[in-house]
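Shared between the two complexes below is subunit A, which has subunit B as its partner in the first and subunit C in the second.
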Partner chain A sequence: MSKNGFISLLFHTLFVTFMLAPIIVVCLVAFTPEGYLSLPTNGFSLRWFKAIGRYPEFIRAFWVSIGLGALSSTIVLAFAVPAALGLARYQFRGRDALSALLLSPLMIPHVVLGIAFLRFFTQFGLSGTFAALLIAHIVVIFPFALRLTLSSATGMDRSIEQAAISLGARDWVVFRRVTLPLIMPGLISGWALAFIQSFDEVTMTVFLAAPGTETLPVRMFLYIQDNIDPLVTSVSASVIAITVLALIILDRMFGLEHVLTGHSDRTK
Partner chain B sequence: MAFLELQNVTKTFGDHTAVNAINLTVQKGEFVSLLGPSGCGKTTTLQMIAGFVPLTKGIIRLDGRDLSNVKPAERGLGIVFQSYALFPHMTAAQNVAFGLEMRSIPRSDRDQRVRDALALVGLAGYEERFPRRMSGGQQQRVALARALVIRPQILLLDEPLSNLDAKLREEMQIELRQIQRNLGTTTILVTHDQHEAMALSDRIVVMNKGDIEQIGSPQDTYHSPASAFVATFLGKTNAFEGEVQVAQGGISRIIVGDHVYTASAHIKGPVIISVRPERISFAKAGLRGTVCTRIFRGNHWLFQIKTIAGVATVIRQNDGTSMPEEGHDVHLVWREEDTFVRANSKVG
Partner chain C sequence: MQSSSPLFLSTQTRSAWGLILPSLALFLAVVIIPLIMTVMLSFHDWGQYKGIETVFILKNWYEIWSDSYFHEMFARTFRIAVLVTFITMALGAPEAYILNRMRAPWKGVFLLVILGPLLISVVARTLGWALLFGGKNGVVNMALMKIGVIDAPLPFMFTETGVVIALSHVMMPFMVLSIWAALQKLDPQIENAALSLGASQLTVMRRIIFPQIMPGLLSGGIIVFSLAASAFATPAIIGGRRLKVAATLAYDEFLNTLNWPLGAAVAVLLLVALVIIVVSSNALIERRYKAVFE
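Up next is the complex of A and B:
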């Protein structure tokens, strides 16, 4: 029988229901045959999934989101790895200040960042460009990648690298053959989390995107301002399906609990 | 000429001196242990030899060459860490082959040497195992093979056996000693276990708070400790309070409780006299005491004896003779050469 008491069981049930209910409702509504938002009581229909094809801007926005997420997460990782290794290994003056600075975008409301970036990019004539979006996303997702990379870099036994050095390996060889494989789980999870943050970001992006550089959430946000029909639910359901698929693949390849925490049994 | 030479080597962290101007020479083929309590600077010393910790002052020479500008990767030393520090994503064979790869040894030669090294530590057939699927003792052996396969100038061992259980540790000690004697590799072992140091080493370096207290063979450091610290650190010892009085003809009278004997002491006044428990025997006359406890330990007896100079611990071999029982009065004697006499600063 369950080790949890009745109250805790009730709490967890309510919590999970609360988290999942909106997602389930959205997925159900996506299959409605009606022209308005409703649960599919008169049979299922793929009408609204087919409708996505008539709105190429949704497809394009989806690809912008994917491209932006992949590119910004990759660039962020290229900075997060050296930053994490430096912070994890060396005691230096201003170390805490630097770490606070790198994590600070977490503490600024995205709406404030959105306005600030808009002003900034207009000044440089960059507003509405993909480059502007990329820079802004790099700033806001950096802390997420850093957190996970840092946790695997700190958990690593320094003497493993010293062993490699004593066996005659040069710095670059040590990094490539020993350090990198050991922090890899942290890197993968850092990348995945950064990607999700980028894909999900709407509050700030809505200020910066222009027609042509709209991301999927921004496109959906703008769409529901003018229309109330089940199209957004079918788009959402598709994104959810893709996410679930991606998680299954990640789990098969690396084990999900390692990816989500950035730890691995290999670093100990 | 000395193979490895540490001259005036000092390391300070902030205002804390971890290693204080130590001098040490190690001969080729020698097995030397750095022995001392936790925090006395053993690891720091080893890391300075390996090149991972820079020296604050002093100089280290290997085979006559100053090491200060030689990178750790170029020193050609084999290191075994307390945590084993195996590469977890490589098999045993890949771990051992790593150092050979770095030296660009051709493939066929490399495979042979890896097999030989694993066989040397008793792990033939474990080539394809990953470290996480091996026991602590087996991982320890892989680490040893990995360090030995590059034919290191010096083998550095930092508490390599401290994570093993007592029985396995004893087996590994014997094995380590055999391998070292066969290969003739100059070896420096860091340990805080005096039994391990005594069992393995040609010479023991006893360290305390960053200083070297004594360097000597296991027998020397045990029987003629240079300081009170060495005497207590290298096993149990009795410390009796007593007094030295000068009698005629340069001969001293030593008074311990109600026991008075003559000896050639180099100091006078209040003293502390240390005697190892196994060097005290029972006699008709001597320091009088009462047996409080008597414990049978199979091959020996362990006594706690209350005297007016303090409680004495005595160990007697179980040689079949009858031993005093609890509550009986006994007299304790010892030979002059088995004592270590030092001034007692607490009294007058």
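Up next is the complex of A and C:
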């Protein structure tokens, strides 16, 4: 394979600039000492980060997002792990249709899901509640959790399970002591990816959230719709910082491209 | 799970269904039923004072069919999606190729830099573009004026151009990821063989590399197209209140005008159009590139 020439590297530099520019500009403007949107040319200031403290709706939305992400990505594993084992181990009629259905939230636009959930939950008087948000998030993050647990369940060595069974281990013991540890990497990366998807989701959530159950991206979106000021840039910069941190951890542990393409088997 | 050990022993269909049943029930209850309810909603009547009436009429569908406002809006939605798809293809393919030729640790570092934004909130990323575009003193305009490309600031905010640029940025990681996955299957020895047999760099690109990344390019295209056509936050923030696309119009009907049946009709139409486009182009690609996928 030949090396990259000058033109390639120039293109690459411009491309990376394009990808990073909007993210960097948010982080820079967040440090402005001025009372309006501007790049911090006259020194850096933390005043807009301190200002977040005076807006409890952002703080509350942050905790809603964290709680929602942690709960939904934990509950979704209780559904996705058995489903992944079932899909990975058995050939049966309707298997392809079934996995297509379970992956369908990837294909259905989130705006359509938001509308469908709003219609559905209004019928039962649940619209705007945390429970409605939780159910909706479990559904949209399901495919991410399923894909990663499925790839580790498909790739695992079943002879260890068979050894355990032949030595007299009961089903539950086999699952807890053999199967679960073997698929653990897929489970953890699936959980992490599901959490991030839930934490970032805005299109569907904006239909369901009410004051008090607004998630952070929804609160940010509604705020930006009214006006853009340095406060929302400092909130965004904080979100970016948290995500980048999670990103680096995820990359170190599993390899980001494997997590994103649905394969958690970098270690093999 | 206690009595007949459905987890590990037999290959009976029953065991598999036992494991999948909870997920299936969840999806029937909270995906299929709400979608059916939404389709039904699109046939209901609505009036400013009477609210939603549960009758079966084609009023909303006729309105979308006959009103040129909706034609324009859907044309804009799909025009933006097509442009974004082509831009991400044209920029993403060379970048994925360049990335693939890099050495460690740069390869890993830049892969992280390019794919990472995928996980950063789309609201934060779009805010970045809103800041870059800005009004008169947006960074992009100042830079363009400084290097003398333009004399007066270009309007990016509240224009289709702005939405296309910002959306291309949001969708780019999906495209790079898809092409990157195709490149991983490529055997570098074939490229070397062609070069050693005297093929020019251009011939190698056209005859060896391009045909092999084509499936990745096309499947990336399908993903980007469907996501761009249904994008919400980016067109809402950059496009503003007047430049409507399907998703933002449906949002308006639901949460501002409160004409739910009309909003439901717009959403259902978007879903149906996307399913038809995605399924048929998937079938086309699979038939064309059968050998590659096997």
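Note that the second predicted complex is superposed on the first by the 228 of 268 C-alpha atoms of A that agree within 3 Å, B and C clash if a C-alpha of one lies under 4 Å from a C-alpha of the other, contacts with A are read in each partner's own complex, and residues count from 1 in each chain.
One rule holds for everything that comes next: a contact is a pair of C-beta atoms (placed from the backbone, for glycine too) under 8 Å apart; a residue touches a chain by one contact, two chains touch by 3 or more.
On a predicted model such as this, the values are computed, not experimentally measured, just so you know.
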Query raised in the report: Are subunit B and subunit C a fit on subunit A, or do they clash, once the structures share the same frame?
Result: fit
Requested in this report: Classify the contacts of A:D229 with the two partner chains as first (subunit B alone), second (subunit C alone), both, or neither.
Outcome: neither
Query raised in the report: Of the partners subunit B and subunit C, which touch A:D157 in the superposed model: first, second, both, neither?
Result: first
Query raised in the report: With the two structures laid over each other on chain A, which partner does A:E34 touch: subunit B (first), subunit C (second), both, or neither?
Result: neither
Query raised in the report: Thinking of the overlay built on chain A, is A:P181 touched by subunit B (first), by subunit C (second), by both, or by neither?
Result: first
Report task. In the overlay, answer first, second, both or neither for which of subunit B and subunit C A:E57 touches. Result -> neither
Query raised in the report: Which holds for A:F15: it touches subunit B only (first), subunit C only (second), both, or neither?
Result: second
**Report entry** Residue contacts on subunit A - larger count, subunit B or subunit C
**Finding:** C
Query raised in the report: Taking the superposition as given, does A:S166 touch the first partner, subunit B, the second, subunit C, both, or neither?
Result: first
Report summary line: In the overlay, subunit B and subunit C get no closer at Cα level (Å) than 7
Query raised in the report: Which subunit A residues contact subunit B in one complex and subunit C in the other?
Result: 165
Query raised in the report: Can you name the residues of subunit B that touch subunit A in the complex?
Result: 50, 52, 72-79, 81-83, 85-89, 98-99, 102-103, 132, 143, 146-147, 150
Requested in this report: Over in the complex, which subunit A residues touch subunit C? Could you list them?
Outcome: 1-4, 8-9, 11-12, 15-16, 18-26, 29, 37, 39, 78-80, 82-83, 85-87, 89-93, 95, 98, 101-102, 104-105, 107-113, 115-120, 123, 135-136, 138-139, 142, 161, 165, 171-172, 174-175, 196, 199-200, 202-203, 206-207, 216-217, 220-221, 224-225, 228, 232-233, 236-237, 239-240, 243-244, 246-248, 251, 256-257, 260-261
Query raised in the report: Can you name the residues of subunit C that touch subunit A in the complex?
Result: 1-2, 5, 7-9, 11, 13, 15-20, 22-24, 26-27, 30-31, 33-35, 37-38, 41, 91, 94-95, 98-99, 101-102, 108, 110-132, 134, 139, 166, 169, 172, 177, 180-181, 188, 191-192, 195, 201, 226, 229-233, 236-237, 246-247, 250-251, 254-255, 260, 263-264, 267-268, 270-271, 274-275, 278
Query - Sites on subunit A touched by subunit B in the complex - result: 157, 159-160, 162-170, 173, 177-178, 181-182, 265-267
